[in-house]
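I am attaching a structure below and will ask some questions about it afterwards.
All chains are identified by letter, namely A, B, C, D, E and F, in their written order; residue positions are counted from 1 within each chain.
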Amino acid sequence: MKLGVVVSEGPYTHQAADTAYHFVKAALDKGHEVPRVFFYHDGVNVSTRLSVPPQDERHIQQNWTALAQEKGIDLVVCIAAAQRRGLLDENEAKRQGKDSNNIAEGFRISGLGQLIEMGIQTDRLVMFGD
Amino acid sequence: MKLGVVVSEGPYTHQAADTAYHFVKAALDKGHEVPRVFFYHDGVNVSTRLSVPPQDERHIQQNWTALAQEKGIDLVVCIAAAQRRGLLDENEAKRQGKDSNNIAEGFRISGLGQLIEMGIQTDRLVMFGD
Amino acid sequence: MSTLHTVNKSPFGNGALLSCINHCKPGDAVLLIEDGVYGALAGSVVEHAVITCAPSVSIYVLEGDAEARGIGPAKRLPDVQSVGYDGFVDLVATHDRTQAWL
Amino acid sequence: MSTLHTVNKSPFGNGALLSCINHCKPGDAVLLIEDGVYGALAGSVVEHAVITCAPSVSIYVLEGDAEARGIGPAKRLPDVQSVGYDGFVDLVATHDRTQAWL
Amino acid sequence: MSETKKFLYVNRKAPYGTIYALESLEVVLIGAAFEQDVSMAFLDDGVFQLTKGQNTEAIGVKNFSPTFRALGDYEVTKLYVEMESLEERGLGPDDLQEITYEDEDDDWEEKPSIRIVSRTEMADIMADQDVVLSF
Amino acid sequence: MSETKKFLYVNRKAPYGTIYALESLEVVLIGAAFEQDVSMAFLDDGVFQLTKGQNTEAIGVKNFSPTFRALGDYEVTKLYVEMESLEERGLGPDDLQEITYEDEDDDWEEKPSIRIVSRTEMADIMADQDVVLSF
């Protein structure tokens, strides 16, 4: 079965990004497909590569990047939500005249249409948020 | 009177950073002192200089930076909270081996001791969060 | 010695206002800000709790937050007073401490 | 046709569980995750609401979240079943849609 | 099999205190281009999104309540509002904005988009969807 | 006038679902170095922070509940827990961890740090502070 997943809250502050991660892993282990995970609202904050959690804590962004690269999951960060909150890739940074960017490998910035498309193309949609 | 202010939630997602801003402006207009504002939890996200809100919305980070520079307010971003969430200044970025940094002018990264010190040295402490 | 309590959550889906009211002492003030201003609505299911606490505790709404949400004076409980950001500052200054019910 | 509802908030300070229960239909399932697992506690003030809905609706807790919070099986309502992340996936697959009560 | 799915946007949060209401509306506007069968549900504190007379000048935040009146132009014409949620908050249907659409199947007659429903009806509406997005 | 202020850390949120409980504890540990008169209040969902038998292995999040037992070493010895909050949640004092400190004014006798108080007593404790930090 094809499952779409939405993450609506930022890392560490809310458990949503953790729960979604464990859910996606379990779904893949059971043979389901998870073609895309969409990060919206504060969920876009999961995509920063600048996070430095304490040594004895999980690294949420790196876990997602590793899972996505191993399993071929499309991690999409909503551009409108990301702009408000200061998440930019290299192209966006140039376009906005910003001197720096912070999106991690494995994540790509795109529009809200990708969320709707995921809803249309998957069999189930599961949201994790607050 | 000396007032200390804490902001505990990120910009745009929660109103806390807006309410705190209007409160601090009003306090200064009435002749009170606001020596420091401490950003904790997701409040550290207010300090990113990479935010690009829509043209017709307020720019929360720039408002804070302008107010701090005009009135001499010490805007302190909690280092532990900032590291988890990917907010780094140039020094921190170097120290952590990160290729990029994102803290805006007017904000400085420091420890939680600055929050306690603010509690000790001010007459009132006001918290804005969720 | 008295406390200014701030409540920033709607009382309909969240227990912060009720918990605040249950921990107020006579002479305290409660300021409803942000989504907390919905606690000032007349005729709601929390009206009784707000009115019951009002004789010994002063209840305020932050005017800007109430107007943003379309809660003009006519829609509010008569026991609730209104302040601007400057009045918020005065309330902080005239009470001995501020406690935020986050 | 049935729905899997997920609730991730503690029911003591937040109305999500109650609102969810009030919108369930017979044959639906409610999965308590994250802080939502507190809704499975025996002897709490929300026990009645959970038990009353249980005959027509299946209630589950996510085991890992319950254990994290020290809510072992002995502390839970007997009507509540337990699943792991793999059971969560099965619940999603066997119901026609998932609705998150955020 | 039709490619059209039933999408329901569930709004349970008040506006301005948090961004969910605004960002939900942004999804609905973008989603309109995909020509799915779209409904919006307003219950619990979500009913506050539709109230009349919002004026955000003093808080310096953009007032997005007029955008709801534009939804008809995007063919989003089913805004279900739960009666019990209104009543618990001391509100009635008259406290909500008037939101209308022009019905292309009925000689472009102007019709109300807001449909007040009971809690039981709301549960039925939720159970009749393919995709439920929660905000 | 003494330079010592009464600080109260108010904990009203459950652990793990959100980070507030953990980051509150981080403030308390750092704050201990400032030698103020520190108390902690646990009420509403905050009482869940102190429950026994937390095991976070399956959710991959650090279990910080043992840290509460170290608070005595930081001279944080007043942990007020509201009885009514426990009861509403089907809990009693026995469901909480044992947390003790060694009383230096009483020949280092080991004493309990957790003090169960009524709601009225909690209100009195709150009203007796100089600085109230809310988490």
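Note that in this section a residue touches a chain if its C-beta (ideal position, glycine included) is under 8 Å from a C-beta of that chain, and two chains touch if they have at least 3 such contacts.
Values in this document were obtained by computation on a predicted structure and should not be read as measured data.
Engineer: When every step has to jump to a touching chain, what is the lowest number of steps that links subunit B to subunit F?
Structural biologist: Shortest path length, in steps: 1.
Engineer: Farthest from subunit B in C-alpha centre terms, which chain would that be?
Structural biologist: Result for max centroid distance from subunit B is chain D.
Engineer: Of all the other chains, whose mean CA position lies farthest from subunit A?
Structural biologist: Measuring from the centre of subunit A, the most distant chain centre belongs to C.
Engineer: Using CA atom averages as chain centres, what separation in Å is found between subunit C and subunit F?
Structural biologist: Once rounded, the distance between the two centres reads 27 Å.
Engineer: Whole-Å distance, subunit A centre to subunit C centre, using C-alpha means?
Structural biologist: Chain centres of subunit A and subunit C, defined by C-alpha means, are spaced 38 Å apart.
Engineer: Roughly how far is subunit A from subunit D, going centre to centre by Cα mean, in whole Å?
Structural biologist: Chain centres of subunit A and subunit D, defined by C-alpha means, are spaced 26 Å apart.
Engineer: If a residue has to touch 2 or more other chains to count, which residues of subunit C qualify?
Structural biologist: Where subunit C meets two or more other chains at a single residue, that happens at 8, 12-13, 15-16, 19, 34-35, 64-65, 84, 97-98, 100, 102.
Engineer: Spell out, as numbers or ranges, the residues of subunit B touching 2 or more other chains.
Structural biologist: 12-13, 15, 19, 22, 41, 57, 80, 125, 127, 129-130
Engineer: Could you list which residues of subunit F touch at least two other chains?
Structural biologist: Counting only residues that touch two or more other chains, subunit F contributes 12, 16-20, 44, 59, 61, 131-132, 134.
Engineer: Quick one: which chain pairs are touching?
Structural biologist: Applying the touch criterion to every chain pair yields A-B, A-D, A-E, A-F, B-C, B-E, B-F, C-D, C-E, C-F, D-E, D-F.
Engineer: List the residues on subunit D that touch subunit C in their complex, please.
Structural biologist: Its residues touching subunit C are 12-16, 19.
Engineer: Note which residues of subunit A are touching subunit B in the complex, please.
Structural biologist: Its residues touching subunit B are 10-13, 41-42, 45, 48-54, 57, 61, 80, 83-88, 93, 96, 98, 100-102.
Engineer: For the complex, which residues does subunit B have touching subunit C?
Structural biologist: So the residues of subunit B in touch with subunit C come to 1, 3, 8, 15-16, 19, 22-23, 25-27, 29-30, 32, 124-130.
Engineer: In the complex of these two chains, what residues of subunit A are touching subunit F?
Structural biologist: 12-15, 18-19, 22, 56-58, 130
Engineer: Flag every residue of subunit B that touches subunit F in the complex, lowest number first.
Structural biologist: For this pair, the touching residues of subunit B are 6, 40-41, 80-81, 111-113, 115-117, 119-120, 125, 127, 129.
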